[in-house]
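As written, the chains take the letters A, B and C, and residue 1 is the first residue of each chain.
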Amino acid sequence: MDLPSAIDHVRPAVVQIRIQRDRLNKGAVVGTGFWVHGDGLVLTARHVTRDSREQIAKLGAGRLVLGMAIPNLTGPPVTIRSSFGIVEAEVVEEDPRHDVALLRAADNPFSSGRSSGVQQVGSAVTVNPLYGLADFSDAPVRDGEHIAVSGYPLAEPALITTSGGIASAFGTDVAEVQAPRGPVGLTIPDTADSYLADVAVNPGNSGGPVYRTSDGTVIGVCVAFKVASAQLETQPSPFFYNSGLSVVVPIKYGLDLVSRHAS
Amino acid sequence: MDLPSAIDHVRPAVVQIRIQRDRLNKGAVVGTGFWVHGDGLVLTARHVTRDSREQIAKLGAGRLVLGMAIPNLTGPPVTIRSSFGIVEAEVVEEDPRHDVALLRAADNPFSSGRSSGVQQVGSAVTVNPLYGLADFSDAPVRDGEHIAVSGYPLAEPALITTSGGIASAFGTDVAEVQAPRGPVGLTIPDTADSYLADVAVNPGNSGGPVYRTSDGTVIGVCVAFKVASAQLETQPSPFFYNSGLSVVVPIKYGLDLVSRHAS
Amino acid sequence: MDLPSAIDHVRPAVVQIRIQRDRLNKGAVVGTGFWVHGDGLVLTARHVTRDSREQIAKLGAGRLVLGMAIPNLTGPPVTIRSSFGIVEAEVVEEDPRHDVALLRAADNPFSSGRSSGVQQVGSAVTVNPLYGLADFSDAPVRDGEHIAVSGYPLAEPALITTSGGIASAFGTDVAEVQAPRGPVGLTIPDTADSYLADVAVNPGNSGGPVYRTSDGTVIGVCVAFKVASAQLETQPSPFFYNSGLSVVVPIKYGLDLVSRHAS
C-alpha cells in the first residue's frame, strides 16, 4: 500500500476530540482519537481526556464531543470543506501509566444503520460523516519501518498526515511501583514499552493512530514529541525546539482497555 | 522518477531572488523563484517581492536580480562551486490574496541563444548558467503524495532540496471580501485553496517550486511554514518552533498570472 | 536494501561516546562513533573529543569510554533492554578543520575472539556486545539520495535512526589559510566539502555514521544541525529552532585519519 492509499484506509477511523461549550458552539480541538470497536469505542491519549476535564472546569461548562469528518467535495453537485458531524462521548477508562484512554460515543454510528460518506441517487445527494474501524497489528515493530500519523494538530480544519520511520522500537520508560503482594514500600521496576518515531507531530496530534504505511494497520497511539534544547554562543540562554522525535504508545496497551469494555 | 532524478529535472528552472546594491555587490538572497514561460517570466511568492521593495527602500539603493546557478564541477578542466549568473528583473504583477507574484527578466535567456550549462570543445570550456522551464501539473493532489521543495534557504550557497508528503490537500484560507456587484460593505466568503506539506522549509525557500517526485511536475509555490508553540513545565513562557508543516499555494493561482502576461 | 535492513547492517558498528567518572558510574553520553578498522579504531566528530576533555576537566575526574550495545531481547530465556558493554578508549588524532577524530579502544573486540551478540547452546545463553566494522563508499553523492543517521541523541537509551534525503551534495566551507610555501601572511582559500542532509538530528548524534539506505555504506560523519531563526509579529524578539538541515562531513576526511594509524 502506498502512503496515499494507507491514509485513505485509516481516514474513516480518525476523529477529533473537542470541547464544546453549548449546542451552537463549534468547540476547540484538544486532540485526536480513532474508532477501535463497533460498540462505539474510541481510543485516545489519557492526557487528552485529562486536558478536556481541566478545560471544562476552567470554562465552567462544556462537554467532550467527537468530530467526525464529512468527506471533502469539490462540487458539483455540492462543495464541502472541513465539515464535521458531532457526537457526544464519555470517558470509559483511563490508563495514566501508559497514557491511553477509552471513550464511548453516546450515539453509536456503527449501530445507527446510517451510511458513511456521500451517496448520490439521481439528483439527491446524501452526506454523512465518514466512520470505520481501525485495523490493528501486533506484529513486532522494527527500527526503520515506514509509518504515518494522522490527526488534527495546530487547529487545522483538515486531517493532517505526517510520516517517516520508526526511530527506535525499543524506547522504554521504567518506573518503580509497589510490588503487588509485597510489604508496603517494596517496589519493583515496571517497564512500559514505547516507540520513538522520526515523524513530525504537534499539539493536537495526541491520541491519533500511528500506522504502518505498508498495510494501514495501527501499531500505536501518538502521545508526545520530545523537546530538545541547544545553546548558541551568541545567546545568553539555550533555546528549546521540537526534536522531530515523537513518542508512540504500543497499541497493546490500548487494546487492553478495549478488551475490558467491548461486548 | 526517483528523487535525485526529479531534482535534476527541476534544477535548471530554479533561481535565487536577490537584492543587489550595485554591480560589484553579490547581493542578499531574499527568496526563490522558477522559470515558468519562455518569455523570460519567473514565478515567486508575493511576500518575496514585497520584502524586496522594503529592503531596497531601507538600503536607499539596490535592485531585484535573479541568481541563475552555474553547474557545480569538480575539475579538471575546471572546478566550480556555488557560482551564479546574475540578471536583472522587474515585477510584472502581484497577487497578495494568494501570495504569488510574476517577474520578467531584463535579459531573457530563452531568447538569447546562449547555451545552458557546460560545453567542452577540444580544450575550450564554455560555462553558462543553467536555465530551463518548469513543467506543471493540474492533476488533483492527494494526501500523502511524495513531493519535494527546492530553493535557497538560510543563505546556503547551493541549491537545497527537502522532501516529504502532502500533509493535507485540503488546507483552506477563507477571507470575507466585498461582493463584486453588491452594495458597499456586503461581503462574501472568498476561499483560497492551499496545501499543507510534511516538508522542512526555512526562510529563503519562499517562492520556490513544490513538485511531485514521481515526474518532476510543479504543483505549487512554497510560501511559509507553520509556527507552533509549546509550554514546558520548567519554563515561565512557551517556546516557538517550526512545526515541520509548510504551506503550499496551488500552481493554478500562479498560472493565472502567467496567462495574463505571456505572449 | 530497505531502511530496516540498512539499520541492521550498520547497527553493530555504532558506539556511544561516554564520559565515565569511575568504574561504577554509568557515564554520560556525549556523542556517537563507529568502528572503522579491525585495529580497534573508532571514528567520531572532533568536537565530541573536545567536549569530552572539557567535561573531564570540569568533573576533575573521568575517562572516555565506548558504549557497545548489547542486543535487545524479549525473553525467554532472558530479557535485555538498552544495555551496553563498556570499553576504555584514547584519542589517536583529531582534525579540527574537518571536525573528525580517531579513537582507539584499549580492549580491541576484533582481536579478542569474543563472539558478538547472543548465543544459546542448550540452556546456556552467552550475551556479548554487538560489534562490527562499517562499510564505506566513496561513490559521488547526489542531491536527493536517501540516507540515514544512527546514534544516541537526547540521552535516549536505545539506538535512534532518522532518515531522509541529501539536501545538497555541494555544501562548502571556505577558510583562508596560510599558503604552504608562501611568505607569512599570504593566505589561500581552503575549501572543505560538506553535505547538507534533510534529516532530523539532535545533540548526541554528533560523530555518528551517515549511510546510504540502498546498501548501508557510510558516506559521512554527522557533525551538526543548522539553527535558523524567525520573527513573529506578536513577539518582541526572534525565536531560534532546528532547521531540519544537518551537516555531514564526507567520509574521505575520516578515512584520511584511518590510513595514517591503521596497521
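Everything below uses one rule, namely that a contact is a pair of C-beta atoms (placed from the backbone, for glycine too) under 8 Å apart; a residue touches a chain by one contact, two chains touch by 3 or more.
These numbers come from a predicted model, not from an experiment.
Asker: What's the call on chain A versus chain B, same or different interface residues, using the half cut on shared numbers?
Answerer: different
Asker: Could you report, rounded to a multiple of 5°, the rotation needed to superpose chain B's C-alpha atoms on chain C?
Answerer: Going from chain B to chain C via C-alpha fit gives 120 degrees.
Asker: Where the centres are mean C-alpha positions, what is the separation of chain A from chain B, in Å?
Answerer: Distance between chain centres: 35 Å.
Asker: For chain A, give me the residues that contact two or more of the other chains.
Answerer: 239, 241-242, 244
Asker: Sort out for me which residues of chain B touch chain A in the complex.
Answerer: 142-146, 164-165, 167-168, 170-172, 191, 196, 198, 226, 228, 230, 232, 235, 239, 241-245
Asker: Give every residue of chain B touching chain C within the complex, in rising order.
Answerer: Contact set of chain B toward chain C: 2-8, 72, 81-82, 148, 153-154, 156-163, 200, 202-203, 227, 239-242, 244.
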